[in-house]
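Order of writing sets the labels: A, B, C, D, E, F, G and H. Residues in every chain begin at 1.
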Amino acid sequence: MLKIGSLSFQSRLLLGTGKYPSYEIQKAAVEISEAEILTFAVRRMNIFEPSQPNFLEQLDTTKYTLLPNTAGAKTAAEAVRIAKLAKASGLCDMIKVEVIGCDKTLLPDPVETLKATEELVKEGFIVLPYTSDDVVLARKLQEAGCHAVMPGASPIGSGQGIINPVNLRFIIEQATVPVIVDAGIGSPADAAFAMELGADGVLLNTAVSAAKDPVKMAKAMSLAIEAGLLGFEAGRMEKKRYATASSPKEGMSIG
Amino acid sequence: MLKIGSLSFQSRLLLGTGKYPSYEIQKAAVEISEAEILTFAVRRMNIFEPSQPNFLEQLDTTKYTLLPNTAGAKTAAEAVRIAKLAKASGLCDMIKVEVIGCDKTLLPDPVETLKATEELVKEGFIVLPYTSDDVVLARKLQEAGCHAVMPGASPIGSGQGIINPVNLRFIIEQATVPVIVDAGIGSPADAAFAMELGADGVLLNTAVSAAKDPVKMAKAMSLAIEAGLLGFEAGRMEKKRYATASSPKEGMSIG
Amino acid sequence: MLKIGSLSFQSRLLLGTGKYPSYEIQKAAVEISEAEILTFAVRRMNIFEPSQPNFLEQLDTTKYTLLPNTAGAKTAAEAVRIAKLAKASGLCDMIKVEVIGCDKTLLPDPVETLKATEELVKEGFIVLPYTSDDVVLARKLQEAGCHAVMPGASPIGSGQGIINPVNLRFIIEQATVPVIVDAGIGSPADAAFAMELGADGVLLNTAVSAAKDPVKMAKAMSLAIEAGLLGFEAGRMEKKRYATASSPKEGMSIG
Amino acid sequence: MLKIGSLSFQSRLLLGTGKYPSYEIQKAAVEISEAEILTFAVRRMNIFEPSQPNFLEQLDTTKYTLLPNTAGAKTAAEAVRIAKLAKASGLCDMIKVEVIGCDKTLLPDPVETLKATEELVKEGFIVLPYTSDDVVLARKLQEAGCHAVMPGASPIGSGQGIINPVNLRFIIEQATVPVIVDAGIGSPADAAFAMELGADGVLLNTAVSAAKDPVKMAKAMSLAIEAGLLGFEAGRMEKKRYATASSPKEGMSIG
Amino acid sequence: MKVLLNGESIQLAEEIVTVADLLTHYEIQEKVVVVEINGEILTRVEHQSTRLADKDRIEIVHFVGGG
Amino acid sequence: MKVLLNGESIQLAEEIVTVADLLTHYEIQEKVVVVEINGEILTRVEHQSTRLADKDRIEIVHFVGGG
Amino acid sequence: MKVLLNGESIQLAEEIVTVADLLTHYEIQEKVVVVEINGEILTRVEHQSTRLADKDRIEIVHFVGGG
Amino acid sequence: MKVLLNGESIQLAEEIVTVADLLTHYEIQEKVVVVEINGEILTRVEHQSTRLADKDRIEIVHFVGGG
């Protein structure tokens, strides 16, 4: 069970809703993934043109927990405003704090992320900040009262997987709230590895939406995350520098 | 479906039977793993002492395909003899050719492995040679008529995972028979990664038997292998050097 | 030429002075390394015991630039005080800002590091903050006016080398001041790699002082850093997924 | 001192002579690299066209040891013939056995390479076989009497560096003849790493000839190889999972 | 009256008095939207009661796919 | 008679005539074993018919856990 | 007088009047040290002129090996 | 006479009698080359003494840049 604030979830997979080939594919992917938390962005509505379909409308919002993000914000103030706009919808009081500090790498601004987290916690939000894998920053976010820390595995949408397992392990070792690996996951093995490191969950989007077959990849991800979680709980064998036989030495020299 | 020679299997996991804490645990692990192929070693029987229980006796051998190995052999001749002893049991005509060329690393002898493979194919065995990740050797084993090639991920029982994905990918790209990654797998992420590279199956033993909870790890491995297979079939996203947003740029500068 | 603030240096190697087996070995290592910048810590003097020798006294301080660190500080205020104590010696106006936020990992506190940097820049110091490889934080340190940024390769004294070359490259790409890779370098190859990524210098201590032969390792490091710098300037070949012959194809089928 | 057969060399760098932008650049690169052993290919001469310049003619062949390769051979027989053609020039009795088993990966054929090595040793050549990093094959080549083994770091001309340090270390640990890492080296850090693993030398070509500035890269490589050798001899620090301070703990809490 | 609606200067028809009217006019009264007027964010219940005034800066936002 | 059984020199009781007798004697007639005599590997069916002779080199092997 | 010197409460001899006297007493007048009194950091030149007072908190620090 | 020279069928001028003559004809007598005739590899000293015959298969090879 993944517990975030007062809420509990069966699934360890948090799924992004951006950039799918079609709503049909997206719906099928969301369902098969068994994700219970879906991320969204908040944007100005294009009211002057004939209304386009919107994925949210096609979703039974009673079945899913919405996790709006503050993407687009470059300062704590902008993030707080977007969070409040999202909450005013009456659909959610969770927020993914995402304050980007660099357009090329889409890496987060540690100072503004911390500021936004502090303020949103005060405002009573359930706060999940997207952060770099800076170990001390992760602890400061905890101290600020966030409900989960979400360190990146590698740059958003890069699919490079977990570049720095050492920092992730450190963050997990000292975590007092759930650690959700966010951004950079590219394949099921990446997701399984994140869970094997002891992560409580994985948030991904492009790895599914940009796969040739997003539905199949959604299934693969949900299996991989379960596999990684079980593997972590099962306690993996130690790595050894040299080999050790799995067949017995006794009675080997036959005849 | 994994097809080896004339046989077909649902499961992509081949499980070793060595070094489990107890037969009860081993039985539970084998069952939950859903493995259909189990490896065994052939050894001189200790007939002078009161008979110990033997795992094989406790197994419904009609439900599993036995894959005896030639562990203990250091030459092709020894491997061939062990293979014939195994076959004479009337329980199997599959053989895992394992001719070790170095006691410290337990890495295979390429020349003797090839020789043994050639001879056993002539003798009508279904031959699965354990080999290094030497790309050209893998092709020669195919040309010798083996029914699957089984390159190692890293030294037997080391749990170091896949050290050289480049060679494995090359072997898989030019394979005309199933490629089963054998030896060195340490965690579910390793197993998923092997399948993502396009392997047809994974053979492992210590990763399960030496886990703190072998039964749970067996389940994790079977999920991971399915996840990796689906991930491979789904076609993973491309890795990118820089980031790409998953939230849209339009309507971002609100107000 | 490495330019930091108003100063210029031939050598790209900044050498720590901690934990050498003996002063003789340390002196020889410092000399052969050709380092021009040496780091020191500021500590309460043990005046109540017969005075022990002190490495600094045995050094021709006119030949070296001293780079005291603020090790021991856990807040910006403590770091600033240590910096002022160091400067009052009249021997230096450079300071390595080191504000540790975690005793187990010795990773820096991003917020306090930034605060200390801002204040020390105002006070007229030449400021070189030791930082994590958080890309946006590195830019904020620049904006605060620091004279070089010093991201860690891996935890202090761990010798794990460069864990995250991606972030280091990002930091270097957007740097407006010299980037000196600090902490975690374990071997000459690590140091060369740092320079190949485009770093302007490398700061290391344990890799030399904890080597079996510190003097020889000091020489190795100075050669490796020069090699890496030349390699970066020379422009390395592109990595290719497949092979490309270095011998010509023409006239190959002889006779 | 690198000893191969009866010969001794100061330099640990063996340099290939293929694919340089110009002979002037190549000459400068060869000189600055301080390489003493140069590889060449043997090819049918284009006698029907006005003679083109040939790099060898411009070389003081008394100053260098020529190491012709058998590139182009796909069988032991072809390799032996090319070796004999090379030797008949009266310029060399060293030969790099190179029997390619796969055009796409240019990886060597283990069986034919071993056969060619056995025969050429009998014929009195000084034999340096290019081989995969198959550990047992390397030992068989030694047993066949080769004078150095040359395992590849990664595919020829790929510049991917050392993919499998584990196998290289195993080969080096059990080597009775010099181990020269051949093929795949892309940067000075790669070359330094090879030497840190305990290799006796490095053979490279494309890393220098395909660099933007081959002359500068040649210098970088020669420095890197010396750095790596010294680093290996100096005995590197142990890697540690956690951090260890390089500044003392005593007297830290000042005032 | 004239308002600044999602960044565009718009002349509103007389019959549009409340925020609810505005949403109905654009046929988005059924949709999940959030309205902000002059920096003040409204809850859904306030749509009916909130009257528009000349020169109001109105933002209408919604949820879109994002990661 | 005297045979070399799994590496040990053994004096067999008179009543042990066939391989089957031998397996019965050691109470392994029910187990999955393979018997090799003087380098010749026997199938199960041959156990009954194969008579032992003095100085026979006999190997009895079975399957054990392995990877 | 009584001072707190590097964390230890010390009774100073009468003849120790200035910081310079103190350094001489501990035979560190030649060494590279920095003195802080009651949170005020002194430059070298101030050692001579700075008189000590009862209850002063005195810190004497120096450079040691560090990374 | 007619020979197969580096894969091409060539009619040699009468005055070309020895291998040395052949190399001179192609102006490569000074170069580092190795000659093979009908599978027999010649040493440099044999160039002078070796006479060519009709239908000879002649290979002339040299060293080129390679890795």
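Assume a residue touches a chain if its C-beta (ideal position, glycine included) is under 8 Å from a C-beta of that chain, and two chains touch if they have at least 3 such contacts.
Bear in mind that the values here come from a model prediction, so they are computed numbers and not experimental data.
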Between chain A and chain D, the fewest steps along chains that touch one another: 2
Which of D-G and B-F has more C-beta pairs touching across its chains: B-F
Chain centre separation (chain B, chain C; CA means) in Å: 45
Separation of chain C from chain G, taking each centre as the mean of its C-alpha atoms, in whole Å: 33
Centre-of-Cα separation between chain F and chain D, whole angstrom: 56
Between chain E and chain B, distance of the C-alpha-averaged centres to the nearest whole Å: 63
Contacts with 2+ other chains: residues of chain G: 7, 36, 59, 61, 64-67
For chain D, residues contacting two or more additional chains: 16, 18-19, 41-46, 69, 71, 85, 104-105, 107, 155-157, 160, 205-206, 245-248, 251, 254-255
Each pair of chains that touches, named by its two labels: A-B, A-C, A-E, A-F, B-D, B-E, B-F, C-D, C-G, C-H, D-G, D-H
Sites on chain D touched by chain C in the complex: 16, 18-19, 41-46, 69, 71-72, 81-82, 85, 104-107, 155-160, 186-190, 192-193, 196, 205-207, 209-214, 216-217, 219-221, 223-224, 226-228, 230-231, 233-248, 250-255
Chain B partner contacts - residues on chain E that touch it in the complex: 7, 36, 39, 57, 59, 61, 64-67
Residue ranges of chain A touching chain F (in the complex, touch as defined): 245-248, 251, 254-255
Partner chain A, residues of chain E touching it in the complex: 5-8, 26-28, 31-34, 36, 41-44, 59-67
Residue numbers on chain C that touch chain G, as the complex places them: 16-20, 26, 39-48, 51, 54-57, 66, 68-69, 71, 84-86, 88-91, 156-157, 183, 203-206
